[in-house]
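Naming follows writing order (A, B, C and D), and every chain is counted from residue 1.
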Amino acid sequence: MNVNSIATDKRQLSRLGYALLLILALALPFLGFMDRSKMSVAVLAGIYVILGLSLNIIVGYAGLFQLGHAAFYGLGAYTTAILSINYGVPVLLSIPIAALIAGIAAIIISKPILHLRGDYLCIVTIAFGEIFRIAAVNNIFGITGGSNGLFGTARPEFLLPWIEPIPLITLIAILIVYAITVRKSPLNVQLLGGAAIALAYYLPPLITGQEPLFVLSIVMGLLGLLVASMTHNFSYREAGALWGIAVVFALIMLIGGGNLAGAIDQGVRDTFKVGDPIEGPMGMTFVPVAFKRDPIPYYYLVLIFIIITLVGMLRLQDSRLGRAWLYVREDELAAEATGIDTTRVKLAAFAIGSAWAGVAGTLYASRFTVVSPDSFDFLQSVIIFCIVVLGGSGSIPGILVGTLGMVVLPELLRDVAPTFLIEGIGPFAILALILAFYIHSRRQHLTKAALEAGAIALAFIAPTLLTAQPSLYLAGIVAALVGVWIASELNRRDINPIPWLWGGAVIYIALLTLAGQGLAQSLSDGIHNFRITDWRDGLMGAAMVLMMILRPAGLIPERRRGIVFSAVAEVGEGESVSTPQLA
Amino acid sequence: MALLELQDIHTYYGHVHALKGISLQVEEGQIVALIGANGAGKTTTLRTISGLLRPRSGSIIFDGNPIHRMPAHRIVHLGLTHAPEGRQVFPTLTVQENLNMGAYTLGNDKEAIEENRRRVFKLFPRLEERKNQLGGTLSGGEQQMLSIGRALMSRPKLLMLDEPSLGLAPMLVKAIFETIREINRQGVTVLLVEQNARAALKLADYAYVLETGTIALEGPAGELLRDERVRKAYLGET
Amino acid sequence: MEKFLQQLINGLTIGGFYALVALGYTMVYGVLKLINFAHGDMFMWGTLVGWALLAALVAPLAGMDLVAILITSVVVMGVIGAVGVTIERVAYRPLRKAGRLSPVISALGAAFVLEALARNATEARVKVYPQNLLENLPSIPLIGGVSLSGLQLLMLITCVLLMVGLYAFVQRTRIGTAMRAVSLDHDVSRLMGINVDQIITLVFFIGPALGGIGGVLVGLYYRSFDFTLGWIFGLKAFIAAILGGIGNIPGAVLGGFVLGIVETMATAYGGAGASAWKDAIAYILLIIILIARPTGILGETVAEKV
Amino acid sequence: MNRRVLAITVLVVMLVSMSVPMSVGAQEGEPILIGLQGPMTGDYAYEGQGFQKAVQLMVDLTNEQGGILGRPVELIVEDDAGDPTQAALVAERLVDAGVVAVIGAYNSTATEPASEVYHEAGILHITPSSTATRLTEKGFEQFFRVCFLDDRQGLFAVRFMDEVLGAERIGILHDNSTYAAGLAEWTRYYAEEAGLEVVFYDAINPEDQDFTPILTNIGEVNPDAVYFTGYHAQGGLLLRQTADLGLDIQWIMGNACNNPELIEIAGVDAAAGTFITTEPLPQDLDYPEAREFVELFEETYGEPLTSIWWLMAAEAFNVIRYAIEETGSTDTEVLADFLHNEFHDFPGLTGPIIGFDEKGDRLGTIHVAYIIDEDGNFVLYPEQPAAGEEEEAAPAEEEEAGEAEEAATEEESTAEEEEGG
């Protein structure tokens, strides 16, 4: 067993993909269709991404069951709420405390049970999650507020040192980075470019006396840096371009700067609660700034944490500990044989994952200001678990997709009129999914698969087309699923399913065309009385079953990180590959 | 027509191509041995025949029936049993219950079961002494006896044995091989997988040598025993 | 003493219900090494179907309560057994070789589906069993003022009879032995000519059918239920199965009674607030057992690999 | 490669199928939008759906009569499932939809985060059923409630046990929900003040089916009366199992047990003789508006109006309607100012609304005691505790209660928040 044969992880999304995603994420609040409520959903989804990533350490990396993750998430949230409400600790400061408490709790709880078989571990984590919830409901130690939970967690607040030194420091930082970026160019070119950035940066606020313009200036400084760094050979031409930009910018600012400054100032005051300045040491002034209800600052706060989490996870994945997790996940006995302290490695996964869930809990508490036991019950644990597993255990893009499916989609489905969903676009989406999965699973014989799929599609669409009763799509969905099932059963038995499928489709169509009217009416009534929120859990459950049957490894499974303990592990049977050769 | 015939069998474990075109025949009344090193595909061959693994291509004909697509439990009904490697008796079932499971295909035919049991107890008197003990509490040799006895309970036409000598003391190995000969004499065809090539070749009528999923050599056992290459690679001679 | 005896009876009754449901868990776990999370919800469906049937039968069979209950029980066994078999076919069988995570997710998914169906069928409301069923069963006076109500006795007898029957089936019959064989090793069982899929189907019939009966009994005893019943009861029953040693039929029964009695006694003698902590007590008991004796009270000490 | 294509296909299909319908829901004319937020699904779905039925009926009636200020009224319903996270999200949705006022949410846990959203957005917000003290103590001038704080019910229950039943040793049982625990705490506070001896005080686990252990314990202590403050599902089981165990316990139950299902679950024989402290039942309200509405409700939906909270939700709508009509404005500040200062003696469905205090709490109280008779009906108990002082000096009483409230809060930290329903 060659442990060094582990290939490095091939990132599933290329760097470009990540970059595009980041740009999209940064720009999201400015997209036209994003209103406050959708931004709120985005914030919530962001928190779940962090949760999914944290659980991924435990489930995806170390391969351990954890169906009580919500307890650690809740522990973090309650810690923050209690510290904030009772002791006035600013929420951002409580992040390390929340992480620490969740992490320590994870160590205490998981240490005695880590040696248990997978499914026992699973049930113990469920039990722990329930104990947490019951303790919270019972107002343990009189600090959890019972089943209503705790009200009034503070929003994030921070002191903004708002005076000259800050722009100055920012400028210096930008210039240093700039100097490093263009360090191969002649000194005079460097100086010229730097002066351009400084000009674009400082001139407008200096001339107009409008300090808020520094916000725009930071953008300009970064833009200048980008221009400078884009070229390998930074020359007079690029420096000239910088000057051009700087001058144009300065001119625009001089003309419209006053209004712009006002708008920026207003924007900041609308979004944040800006307190009275506090005099600090060394002549500095601090402006207390607190979040308001507005989701956008939260969005960026959560985004920052997602990025921190992602970077941390990618680093962990490639670290010694990350490799140790991999071995433990793939083959615990073999890992132990190579000298890995498996208990400690697993404990580390539990502790790190849980601590990070605690951080997500802090973000939750400060966003929603209320923590209550119901928000951290078993269903939450399942949702987080599904985010990890449905997307593909161990896979980071999988978590993003999982969050979309488990958190974002249900929220967006609120908007969907059931009639439209079921009679309009929904059926085709479902049919497309069925056929895509179907053809995918029969890749070897594309023509045959297409013929079979065609019959299924016909059974799906034809009755509606013939009778002009959209509600018959519902019967069509059933027909399509039955068709897929029949096809797979017949294929398994080496019977050619094509005549059966087509025959069945034709009979079905004939029957529905004859008797479709009445059925269509009752189905239609059913659809109109259908309340999608009633069925959310059920649909979620059906999706879970379906997904597992069709893609047991998840939607975007982690590409095997190249660990093959040689064929032996799979062939088993005690046979090894060392073969004496016949002469 | 041979009792068992494999034609160009290919079997995969996931992406691992384990059997790369195995063809072999077992004539009625014979003892046929499959020998080869660890990982050559001996066990895989047996598991493919008995239906635990499904070959990706090729055909297996047993007693005139194609069985390569048949589920394992139906193959047993045709009279082909397989005593798996490593004495896999049911540890928490008693000896008697283990044997009854061997006769599962006979249904509720009490008489036939009783008769088969008597035959097995005759072959392995030790089992009768311990018939109410749990399978897991038997010694290694006894478990091997139980495993073979269990496979005989359905009165098979062909018995496949996987490494019956594995991990047994030399004395016991000898006794087991004696019994196999006795079983064969009673009219049961035997397909034997063995690492102990010498003993297997001595016992068998015909033998196949497997190497990395293909048949490298075949011939009457006596001839193989004298074959230079076999002696070098498998009999530890130089 | 009187109080203790009364509490013991209370504990035994609830323990009997746990035991009935635990049997299904333990059988499925035995043959598939799968925690059938949908089992608790199948049990709840037993209560639900039983409720619907009884409501329909009470009027035509007025005065013949026992007949109505008997018919209901048989039908519920069939229906819930069929549900179990269907769930196995749809949600578990395709995943037999898919690793450990996938069946867990699938099982949870199936549980959610069952629960959502029940919630919508009952409009998320408490449903009440028909009034005055089995009203005139005599109660049996024991020492002191303590008495065992007729209903309690009926429940206990039914539970015990079903369990003894199941145990005899598994221990004495050919199919039962085959079940035990399958739980030990699928491949070797196949080599014996056992149709493993059929045995699994059978297990997925018997377990839920027993759970369904348990559901009817719970409905009769408590007279009301709602769709959330399945999850809590299921979890408790699973704990009972682990307590007794999962995969072990007498163990599941013992575990059920132990859990019922421990819960009851903890509530009775645990002082104020203990009742609200009852579930937590069960979970803590589970964790202690798993740390101290992972194979449960009656579990064999055969080491099982991770 | 193929997998990625597949995954992307799936994603695109998902996105397409969810992005298209966003534009649905165009408006006609210029209706006044009223939001209703409540648990349409989840554990409290029954109550939430009742809210919707009751308020929708009121809206329809209003529109039949020509709307408010000649403008039609449109009700926008959002489901928060009783969950604070969802409550905040749906509140944002209602704000985005441009509602004038919001009715909801059901439980205090959901109302709290929603009230912050409405406060910042400047939208009139009335809860029909959230009774947590804290909600009105944040100084949100546009937040009101039409229900009563639960200290009043606790006081009433104690008076009833003391004056009417003549109990000396009482037991109190709750179910650990904040509402029930809070009511239990208040009851204990007033009981001790009144000199009653609380010989049993404990909680049940509402997820249980079997309460025989704790009932056996109560039987041992044998109090003169036991007050259960939890919900009707458990209340019914308690009564049933009391009878099954052959115990003789005089039960009194709080307003969350004011539901015919209690009797169904318990069985008439087991339920008979139980007292319920509650706001008056719709049919016992001596207000024509109430009776008319209750009848209309039954006529429209084919089911009786069983929960007082549904009536409270309709009440909240009437208050909003009245305020808009009186002021001729849909401006939140104007409406809030009107409700605080000029809104008096409104003929409400749940009794006359004397007014709102400066915190937004409803003034006065209306609790009465019912008994379940041999036929399984809730009947107004002929004897009620001397009520006089309470109704005469309601505002003063309110202040007094406020002080008592503070005292109790200091003593019992668990009594901080209470929840309705």
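Heads up, the rule we're going with is that a contact is a pair of C-beta atoms (placed from the backbone, for glycine too) under 8 Å apart; a residue touches a chain by one contact, two chains touch by 3 or more.
The structure presented is a predicted model; accordingly, all values stated were derived computationally and were not measured.
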item	value
Between the pairs C-D and A-C, the one where more C-beta pairs touch	A-C
Greatest separation from subunit C - chain, by CA centre	B
Distance from subunit D to subunit A - Cα centre to Cα centre, in angstrom	37
Cα-centroid distance, subunit A relative to subunit C, in whole angstrom	38
Distance from the mean Cα position of subunit D to that of subunit B, given in whole angstrom	75
Numbers and ranges of subunit C residues touching at least 2 other chains	273, 276-277, 279
Multi-partner residues of subunit D (each touching 2 or more other chains)	41, 45, 176, 203, 205
Subunit A, residues touching no fewer than two other chains	134, 137-138, 534, 536
Residues of subunit D touching subunit A in the complex	2-4, 6-7, 9-11, 13-14, 16-18, 20-22, 24-25, 40-41, 45, 78-79, 81-85, 88-90, 92-93, 95-96, 107-109, 112-113, 116-117, 120, 132, 134, 138, 176-179, 181, 203, 205, 413-414, 416-417, 419
List of subunit C residues in touch with subunit D within their complex	3, 6-7, 10-11, 13-14, 123-126, 128, 131-132, 139, 145, 147, 149, 151, 218, 222-226, 228-229, 232-233, 263-265, 267-268, 272-279
Sites on subunit C touched by subunit A in the complex	33-35, 90-91, 94-95, 98-106, 108-117, 119-120, 231, 235, 238-239, 242, 273, 276-277, 279-280, 283-284, 286-287, 290-291, 294, 304-306
Of subunit A, residues touching subunit D in the complex	33, 35-37, 40-41, 44, 134, 137-139, 142, 145-149, 151-152, 292-293, 295, 364, 368-372, 374-375, 401, 404-405, 409, 411-417, 420-421, 424-426, 428-429, 432-433, 436-437, 440, 443, 531, 533-534, 536, 555-557
Interfacial residue positions of subunit D with respect to subunit C in the complex	41-43, 45-46, 175-176, 201-205, 207-214, 216-217, 220, 232-233, 236-237, 240, 244-246, 261, 264-265, 267-268
